[in-house]
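Sharing a structure below in structure tokens format, with a few things to ask.
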Amino acid sequence: VTSPRVGIALGSESDLPVMKGCVELLRRLEVPFDLEVVSAHRTPERAREYARTAAERGLRVLIAAAGGAAHLAGVLAAGTDLPVIGVPLDSSPLSGVDALYSTVQMPAGVPVATVAVGEFGAKNAAVLAARILALSDPAVGERLRRFRREMEESVAKANARARKEVGL
Amino acid sequence: VTSPRVGIALGSESDLPVMKGCVELLRRLEVPFDLEVVSAHRTPERAREYARTAAERGLRVLIAAAGGAAHLAGVLAAGTDLPVIGVPLDSSPLSGVDALYSTVQMPAGVPVATVAVGEFGAKNAAVLAARILALSDPAVGERLRRFRREMEESVAKANARARKEVGL
Amino acid sequence: VTSPRVGIALGSESDLPVMKGCVELLRRLEVPFDLEVVSAHRTPERAREYARTAAERGLRVLIAAAGGAAHLAGVLAAGTDLPVIGVPLDSSPLSGVDALYSTVQMPAGVPVATVAVGEFGAKNAAVLAARILALSDPAVGERLRRFRREMEESVAKANARARKEVGL
Amino acid sequence: VTSPRVGIALGSESDLPVMKGCVELLRRLEVPFDLEVVSAHRTPERAREYARTAAERGLRVLIAAAGGAAHLAGVLAAGTDLPVIGVPLDSSPLSGVDALYSTVQMPAGVPVATVAVGEFGAKNAAVLAARILALSDPAVGERLRRFRREMEESVAKANARARKEVGL
Amino acid sequence: VTSPRVGIALGSESDLPVMKGCVELLRRLEVPFDLEVVSAHRTPERAREYARTAAERGLRVLIAAAGGAAHLAGVLAAGTDLPVIGVPLDSSPLSGVDALYSTVQMPAGVPVATVAVGEFGAKNAAVLAARILALSDPAVGERLRRFRREMEESVAKANARARKEVGL
Amino acid sequence: VTSPRVGIALGSESDLPVMKGCVELLRRLEVPFDLEVVSAHRTPERAREYARTAAERGLRVLIAAAGGAAHLAGVLAAGTDLPVIGVPLDSSPLSGVDALYSTVQMPAGVPVATVAVGEFGAKNAAVLAARILALSDPAVGERLRRFRREMEESVAKANARARKEVGL
Amino acid sequence: VTSPRVGIALGSESDLPVMKGCVELLRRLEVPFDLEVVSAHRTPERAREYARTAAERGLRVLIAAAGGAAHLAGVLAAGTDLPVIGVPLDSSPLSGVDALYSTVQMPAGVPVATVAVGEFGAKNAAVLAARILALSDPAVGERLRRFRREMEESVAKANARARKEVGL
Amino acid sequence: VTSPRVGIALGSESDLPVMKGCVELLRRLEVPFDLEVVSAHRTPERAREYARTAAERGLRVLIAAAGGAAHLAGVLAAGTDLPVIGVPLDSSPLSGVDALYSTVQMPAGVPVATVAVGEFGAKNAAVLAARILALSDPAVGERLRRFRREMEESVAKANARARKEVGL
């Protein structure tokens, strides 16, 4: 088996249902991954260790998902030079705007590659990780091209269904 | 000299001008303090050390000021059981709303005592720290009572000036 | 029995369900508390009395929970020198942003220690109160350390469950 | 001289420049008024007294102007049955949205008649007070009708200037 | 029967359920009212007529409830010198923030007395109207004092229930 | 049969339920239309073709509906000189504010005629398209006048029902 | 001379500086226009007349610019079946978000074609009006195509300048 | 000379001053780059060509900066499988929130790696691009480690200055 290339860190177990969209898409793109629940605030030492050892464990891209004052992606980005993707989650009354701002507004020098709030972001974190890995792994690139064609085809089918639905 | 009881941590040197309001109020209330520039993202190890050793260095309250994705207060609160006061600063195009959400929306178990965005928050962090210290230091309590009387008097003077200004 | 150290004030009876998280956590941390429904607007005299007599009744930290134009925490902070923790609640169409701004944006001189909107804030008010009390009560400090270890352990268990769930 | 009918309460002396628009419009509409700096947080007892005695002092409408966590209008409305007009001011980094939410989102039973943030609101508080007073004072009503005609005429003049400016 | 003193205008039939809180409170305070569905956009002529004839029909206060781009209160305020109370409703995906801004941010010269978004605002429009009417109708003033006492008593009962609920 | 005059483009099949309000209103106004699912991001070439060939296919107005980072209307407006109407949809945790800003804030030179978020916008896109077509098609203008009268009548009926409901 | 085809209505004389971008672009596209200051709130009768007579005066598209609770576009759209373009202006402390929501969130049946807040919107109102007129006036269409080519050329020149500026 | 690895696309020439921070940081990290002004809306064909040919021109990461309805990053991401970094700029009255939402809220399948609004984002786009390139270019990785050390040192110096400034 191939060792994981993408490390998914969840700020909380309750983030898993939304992040399954990420897991499924990584499997569809055949990108090996690992997944851990790592809280920036409740297990700060583990979060630090996670970031510090990520590269040596063979990980090449980190994905961090968290809601509320979502510090996890930033904390990981502060502890590694790997690219870190942040998925802001909608898990407080503020609809994920808090998580979005906490994830994306990083100070100069320590970037987090932020994707959309919630479900769409969960899936796009997988695609973004694959795009990064494809730069040095042509097989992933080939699967991304296939994925793109499948998206196009699914839009064509959706188009046919929608037109039928409105009687065209 | 008394050793510092309050530790002020700034996320960036550029946060100092606003935080001078905090420094001045602590001096007025005769609360000994220390001040450090400690970035959660650019110096994560120092931030961790700062939090871990805060209690043993004699600090009893921490004040963390930061703008943007303001993680500093949360990172300190994750590393100590001392009360941590967060001052969100207005240092990005988002007017400090990003810093406010990043500071206040902490997950269950790791609180940050958040005060107002910017100048008012800088001053109120000092008063809040003094209120906490006053629980075990009657002299600080006495100075807070005097501070309260002085606020009342300054409102009375402002009232006189304002009435005169509009011809009453 | 020990007399209450923390006074919880609710702006409305309808705030109780969310604030039970606060009550439970104070009990878990063995911090004696009192709880009252005190409306800043519908019972202003009682709110004033509540604040004025809080210290002499032996209370050392106040927690005020309210939604909408949440003035309760500010009104209490104006009437006592005890530290006041504000919990903004999500009880209007504005999702608690109104309560957050009304609670946190206090003018210089009268701070409210604001925590997260809703459930997380309810719990964190308890932890923050305990952190403040622990400065002069080592037994509370010991319970906070235990609480921290239990949080770490619960993250470890959550991690195991989440990994299993995605087949790792 | 006629005794004041409208009481203007400012949360801070710094609110005066914007509120001069209110003062001028009340004078133009010949509505006698009083003005005080009364802080809900720094002088809570005075604020309470102000509200409690307003009716017996002959006031019929109160206008409260404040920024940030603008509690003043709400605190006055809680202490009197007179109609209270709230003017949210833009005096924090949050552009007056904090003051608007803190003023308008009052709980059921204790209304604040909220007007626009800042300058426009300052002027409209005067007009709204005059509309209320005109219900029992026909002379004020007559002045409001004149004010309305003058507004119409000033728009007509503005129209002529604007058309000329663009060469029409 | 007494002729209506308060005119309630609804922007849409779908606004009625929330505005029943207004109707009930006006009945409880024995303030005679009328109610009409009057759309600023779908029946502009009727809206204009409604405002123009309001005073001569004996109305003394208008209440306008609308959601989305809530222009109704402003349109009425432009067509009469009576005080107009605006109730912003939460009837679009923007949670009533659109209605709040559309109602409260009126230009200088034409005020709308804006109350809270939704249910609380519906009730407070009734209380505010009663406060205005009480200036020239002592019987309404007496009912407002009774209403205030009943609010206080209901808070006292709520307090007893809440304390029992948490075992105090 | 008349060839389509209005082209409706949906960013996603899931946008259809809300956009049925648009379809029904176009049918009621007897405006012939076409409908396609065309994703700006998943089928960029088709979106480009759609815009490029719209005028020559006889379309005179385009309606583009999309949620999230809603680029579809802007992409179409960049590829044709026909008027393009954008309907921002509420399909992300951000309640459609993201779609609204992405649709309306177009750079100088390439306008999108933006209507309300969601259901109301879907219907208004149809009416706006009809208003534009009516400039050169008097029959559509006649139907718009009838539609306006029917709206007025439906408000009158709603008024009767609402008054009855509250016992007037 | 050709009679005006586009009617520009300004809510206030102070809106003129920003709307000069609209005027200039209409002149560049050789679209004859008229311009009036017409306040929905201060001159409601004139606003109504303006809308009612617009079509018979030969106008085919209306452009309404206003800030704050920007009702002008909606009021015009309620009074005519011509397409109405709304330009929300940034003239209150709320940065034009109030004007945007007040303009775009129109109820079903009465659309306003909303463009961007401020300067960009002012210019795009002109282009959108031209796109609509071009449907029945090929000469305007030709000028729009030329305008498009000139935009492309200006981007090419900007590109050359920018590359030089960074030394490429 | 090495051929460019990073392609910077600006939506407008006016975006250049802020994006110089990106250019400087890429030069400091010795990452060869190209820069073009490419408007998604004013030069849609060029934007499409830019994306389509990016990989074959040797580019490995794209950076797109735009304000307002910032579609550029999304349009590029739709046209290539390379990772695309989006920098939302603050160039409209909405303070860059419009650009942030337009950039980050991409639909599932087409991610944009979004960084902070404005200056910080401009710099972080450079660092994020370098982190991605470092996965296959150890020399870039070495420069990132040096950059990290220099950041730490600059914080230490800032700390010394700040402490001196407040007299510690």
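Labels A, B, C, D, E, F, G and H are assigned to the chains in the order they are written; within every chain, residues are numbered from 1.
Convention: a residue touches a chain if its C-beta (ideal position, glycine included) is under 8 Å from a C-beta of that chain, and two chains touch if they have at least 3 such contacts.
As the structure is a computational prediction, the values presented were derived from the model and not from experiment.
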item	value
Lowest number of touching-chain links that must be crossed from subunit C to subunit E	1
Equivalent of B-C within the choices C-E, D-E or G-H, defined by over half of its residue contact pairs recurring	D-E
Centre-to-centre distance between subunit G and subunit A (centres being mean Cα positions), rounded to whole Å	41
Separation of mean Cα positions, subunit H and subunit B [Å, integer]	34
Interchain centroid distance [CA atoms averaged], subunit F/subunit G, Å	19
Set of subunit C residues in contact with two or more other chains	12, 39, 42, 68-69, 92, 94-95, 97, 104-107, 109-110, 112, 116-117, 120, 151
Touching pairs among all chains present in the structure	A-B, A-C, A-F, A-H, B-C, B-D, B-H, C-D, C-E, D-E, D-G, E-F, E-G, F-G, F-H, G-H
Subunit D-touching residues of subunit C, taken from the complex the two chains share	11-12, 39-42, 44, 48, 68-69, 71, 74-75, 77-79, 92, 94, 97-99, 101-107, 109-110, 112
Touching residues on subunit E, where the partner in the complex is subunit F	10, 12-13, 16, 20, 23, 34-39, 42-43, 46, 68-69, 92-95
Complex contacts: residues of subunit A adjacent to subunit F	90, 95-97, 116-118, 120, 151-152, 154-156, 158-159, 161-163, 165-166, 168
Contact footprint of subunit C on subunit B as seen in their complex	21, 60, 81-83, 85, 100, 104-117, 119-120, 123-125, 127-128, 131-132, 134-136, 141, 144-145, 147-148, 151
